[in-house]
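Before I ask anything, here is the structure I am working with.
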Amino acid sequence: MDHLQRLSFTSDYMEGAHPAILRRLLETNLEKTPGYGLDPFSESAREKIRAACRVPDAAVWFLAGGTQTNAVMIDAFLRPWQGVISAESGHISTHEAGAIEFGGHKVLALPHRNGKISAEQIRACAAAWQQDANREHMVMPGMVYLSHPTEYGTLYSLRELQEISEVCRAFQIPLYLDGARLAYALSCPENDVTLPDLGRLCDAFYIGGTKCGALYGEAVVIPDGKALPHLFTLIKQHGALLAKGRITGLQFDVLFTDGLYETIGRPAIEAAARIRSALAEKGIPLAVPSPTNQIFLLLDPARAEALSEKVEMSFMERTDDGRLLMRIATGWATTPEDTERLIACL
Amino acid sequence: MDHLQRLSFTSDYMEGAHPAILRRLLETNLEKTPGYGLDPFSESAREKIRAACRVPDAAVWFLAGGTQTNAVMIDAFLRPWQGVISAESGHISTHEAGAIEFGGHKVLALPHRNGKISAEQIRACAAAWQQDANREHMVMPGMVYLSHPTEYGTLYSLRELQEISEVCRAFQIPLYLDGARLAYALSCPENDVTLPDLGRLCDAFYIGGTKCGALYGEAVVIPDGKALPHLFTLIKQHGALLAKGRITGLQFDVLFTDGLYETIGRPAIEAAARIRSALAEKGIPLAVPSPTNQIFLLLDPARAEALSEKVEMSFMERTDDGRLLMRIATGWATTPEDTERLIACL
Amino acid sequence: MDHLQRLSFTSDYMEGAHPAILRRLLETNLEKTPGYGLDPFSESAREKIRAACRVPDAAVWFLAGGTQTNAVMIDAFLRPWQGVISAESGHISTHEAGAIEFGGHKVLALPHRNGKISAEQIRACAAAWQQDANREHMVMPGMVYLSHPTEYGTLYSLRELQEISEVCRAFQIPLYLDGARLAYALSCPENDVTLPDLGRLCDAFYIGGTKCGALYGEAVVIPDGKALPHLFTLIKQHGALLAKGRITGLQFDVLFTDGLYETIGRPAIEAAARIRSALAEKGIPLAVPSPTNQIFLLLDPARAEALSEKVEMSFMERTDDGRLLMRIATGWATTPEDTERLIACL
Amino acid sequence: MDHLQRLSFTSDYMEGAHPAILRRLLETNLEKTPGYGLDPFSESAREKIRAACRVPDAAVWFLAGGTQTNAVMIDAFLRPWQGVISAESGHISTHEAGAIEFGGHKVLALPHRNGKISAEQIRACAAAWQQDANREHMVMPGMVYLSHPTEYGTLYSLRELQEISEVCRAFQIPLYLDGARLAYALSCPENDVTLPDLGRLCDAFYIGGTKCGALYGEAVVIPDGKALPHLFTLIKQHGALLAKGRITGLQFDVLFTDGLYETIGRPAIEAAARIRSALAEKGIPLAVPSPTNQIFLLLDPARAEALSEKVEMSFMERTDDGRLLMRIATGWATTPEDTERLIACL
């Protein structure tokens, strides 16, 4: 089949799970446990995540996917008259098929710079609402959504995140961070934001599993464990509560054993660095200076066609000057062999 | 731990997955496939399900859980001014935390008989709306929801299902069937409804995985594959689209290989039959004449307490005469040993 | 036209407005005022309503119609995981086209007795949720909806209302009362519930204008004026904020001048009493013992047909024994002449 | 009171209604009619509107206000996976408190030019979705929202509207036009879009009453009267169905008698022209070249403060260069005397 014959660098969710996860699933398969996340595997995972993030009182929930997690958490934090601030390029603003609006909330989209928004933009947005004579006719900014790494593979610095957190707290607006690809930040040398930083600076964030070595699943961390009462019911109402919750819990238990989550992204980061070097050597320009596992490159049409015959990539858009913006994504399962074969194709 | 020491018959989702599923996950773990269900495992599963249900043109979708599946399908079939007819005891009416209402739709609840509603009730409900002078001020019945087996473990006969299907078609109301525990019907001698019958009589139904041997997952079958355009986007909007869709597809591919799904429930049915015989011998009355894997028994408080020390069951409610209505659930993974130990405790 | 030739007793919203309202509209027509209810007419009406209900700190809002008011207030009080307790016969449960579910909330319908529910039913419903092991999978009772008079024209006694209020407060569940036809209660000798009683016992209630002499409009009273922050925005979001809010405010200003609202229903009550006497004399049975302006009578088909040729009534339903349940509604504008003509037709 | 002493030019909804409306309300006050818009006044208004717009088969509905009308119509045209294209400055995008999102739909906001968007922008937006490989993960453009006059008082030319209509039809996307201030377009010499043009080019539009001489109310026109089945119920579900619908119908009956609606805006347009001339003479710059009843002027802070002592205007925003953007709105009830007094204050 085509997808087996060509090299494939289209995404970081093309394989199954880290072998340690499958191993543990096998070992524990016929143990009997209660449902809905009330099992010892989930509880163990919660404890390990609380420890890793240094948030001993945190509530930790396991959900199935990113859009679902964002929709639930945004619905949990916002009141009906509030909306969520996001970069225009944020996943909730572009590629969630209106899941936030389905829940009744407006996405208040701000211009982005390489996928990021700034503390100053957030401050200005919140202040503009406060000062607008018509603010009662408008959606109130009630939450901030960031992704880290962003949809463009870029990273917030610790300083940027601190400033954003300060603004949010000054305006009493919860800060929520989408860590769908968080493992790729944690394994990236350019990253200086740690799990405890997230625990300290965010009101909620999720640790991505689906794109970071799990079969599926995301772990939501809410440092103030009492902030969101009745969240169990809200999760159920969103169709996001899995009866066999232990399967998700067990996966995070493995990912947070012996620091696996903080290193699982390394092969992806190393492969991406090799590829970026090779692109630079070949004079192929990058569209975004992203240090993580997503590489956005600009190709003229002929070269794009030639390369696409050998390597599956994601087409993003045609630029105004006629070039093609393509994405190469490496992942936790990317092998050095595939990376070298890709480089040979360039 | 308590749940390991006591015998446990609380539900049919206490273990992991059928070993054949884990085996196949291991074998295919590092293959690369596209996301969102566009992979060959999902496609193979779809073909096998279409064949098993004799609906060659059906659309088949894989979702994560039952509440999610119900919410998506009801939202897909109904227009905003319509509601869904259900037994009062239907899962959507009682135990989905308002997921249907979250999607904007009213559940039009009808009185049930052992979890079932009749063609005549549905006809009367639809006709009453048609004949009501105030119908334009009322929610229009726009869909029928059945569960098979029901929440009380009972079964619709083929004849009952045919009559319901006829009424639905006469009123042009789609018929949707929740098969969360469908495997336990298919393995049950009392059942005369086959997968092709569902394919012929329903406008949509789902084949339960979570409670029938999968790690998680439900397969929705829509016999008229063109009935619901843009369903992909609606699924995404509900947060129900898994990036690594192949994991769900693969599980159903295994469940529909060599007829596994149609036999996987047998151990549960055999165990339940053994337990029912034993209860009859001991003179312990059943609350509902259910032939499948759920047994509803009535215990006086002393006996309930004594038994609960040895066997974990589900408490349903206290009856007016002071007895306790308890549920024993067997499952695909129930062993004869555990069954005999349970009987010894009675 | 048909509706002009026959006597018409179909509803209490068949005429325009009390003449005093039109007079005041004319007098003030070209005065300039700010929009959105921030005008002196609305402010004057608020003050008069606060005084009449003895709730000096109440928030008072003016909305356009009953379904809208119910939908806004229920959405304002409930959190997403909560539903509203109502009689099965409650307007929100039957004749609002799913407006409450459109806002995402389930109506928790209880059996009614002549349109009423009891404190004991509410207590049992709230307690059942608290005690249910599966309560986190269920919609939480978060509010109580009553109508007074009810949809069947019946009245809660002060004692019944006190008991309900006590239960609600014990369970911390807001009590909301729909007073679409409140003027007909206040003018009814059998009624012992005053406006100050409502102010003391309810967490919110609305004083109906549409059916009680206004062109349109309902006045919501929230005794604790700080209970619902951002309600202005929520009202706007529901499409319920009128730019020219003064028109509604002015109408309530007139209705609450010199106690007009408390007497405006008298002609309706007197006419209804006359009609009930006449029905009793003729041996025509009542279906419901309602003391207010709605009369529910049972007619055999021949008599119903004969009477309908001369008098327009509302057909409610055909009873099991083949009789027709019809409604005669009197109103603030019903004249003694029309009443006598109706009686002559019986 | 302040609002009586200062000249007031803050909005076009500061007075009551055109005297002819009040007169007719008085004349017909005690006539009895059926509710919910099924009365002869509403029917007469519908016929007159159909004739004026040359849409003999149109459905015509009367609603209470603009946000409500927009929310209902957008919900009526869109399926759940679709959003509505609007100028960023569109009322639905900015000042409706998230009413569209409350209904579950995303507003797809495009950059505006003086409040307007172009056919080319709409084409590009619809085509971009069609061509995006990820379109199934995105909100589908399902409708276009225009306002005429726009929120900045500007007008679409007939040619612009024709081009937009062509694009919409090519993409099978309904075109909906918000005519909250339509009377001010129809009375404006620069306007070349007639009611029959709207009837021919739009899939739905509303004729504003609230800001154009009614007590309240908007008239929705849907040229293809069968386009939106069950709209009555949807209107009810949105809380937008008035029991005493005749009051709205009667007002439009008056507004569409003897062409009143097409001339009612003249005093406003003449006053605005006088004021613009005076501003030009005084060298006070306009921020937007709007030809209708809204004038957007730029004042330095000192002048703004001085003028505000004598004339109430709307403050819009502070520009980057420190000036104040203010709005003067004239209306159907603006008198030449007030206009001259305003000019004298400049």
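Note that the chains are named A, B, C and D in the order they appear, and that numbering of residues resets to 1 at the start of each chain.
Here, a residue touches a chain if its C-beta (ideal position, glycine included) is under 8 Å from a C-beta of that chain, and two chains touch if they have at least 3 such contacts.
This structure is a prediction, so every number in the text was calculated from the model and none was measured.
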Selected interface, C-D versus B-D, where C-beta contact pairs are more numerous: C-D
Equivalent interface positions on chain A and chain D, same or different at half: same
Euclidean distance of C-alpha centroids - chain C vs chain D, Å: 33
Chain A and chain D, separation of their C-alpha mean positions in angstrom: 42
Cα-centroid distance, chain B relative to chain D, in whole angstrom: 50
Residue numbers of chain D (touch at least two other chains): 80-81, 96-98, 102, 104, 136-138, 233-234, 236-237
Interface residues, chain A side, partner chain C - complex: 75, 79-81, 104, 136-138, 140, 230, 232-234, 236-237
List of chain D residues in touch with chain A within their complex: 80-81, 83, 94-98, 101-102, 104-107, 133-134, 136-139, 314-315
Interface residues, chain B side, partner chain A - complex: 1, 3-4, 8, 10-11, 13-17, 19, 22, 25-26, 28-35, 40, 64-72, 96-99, 102, 210-211, 215-216, 233-234, 236-244, 246-247, 333
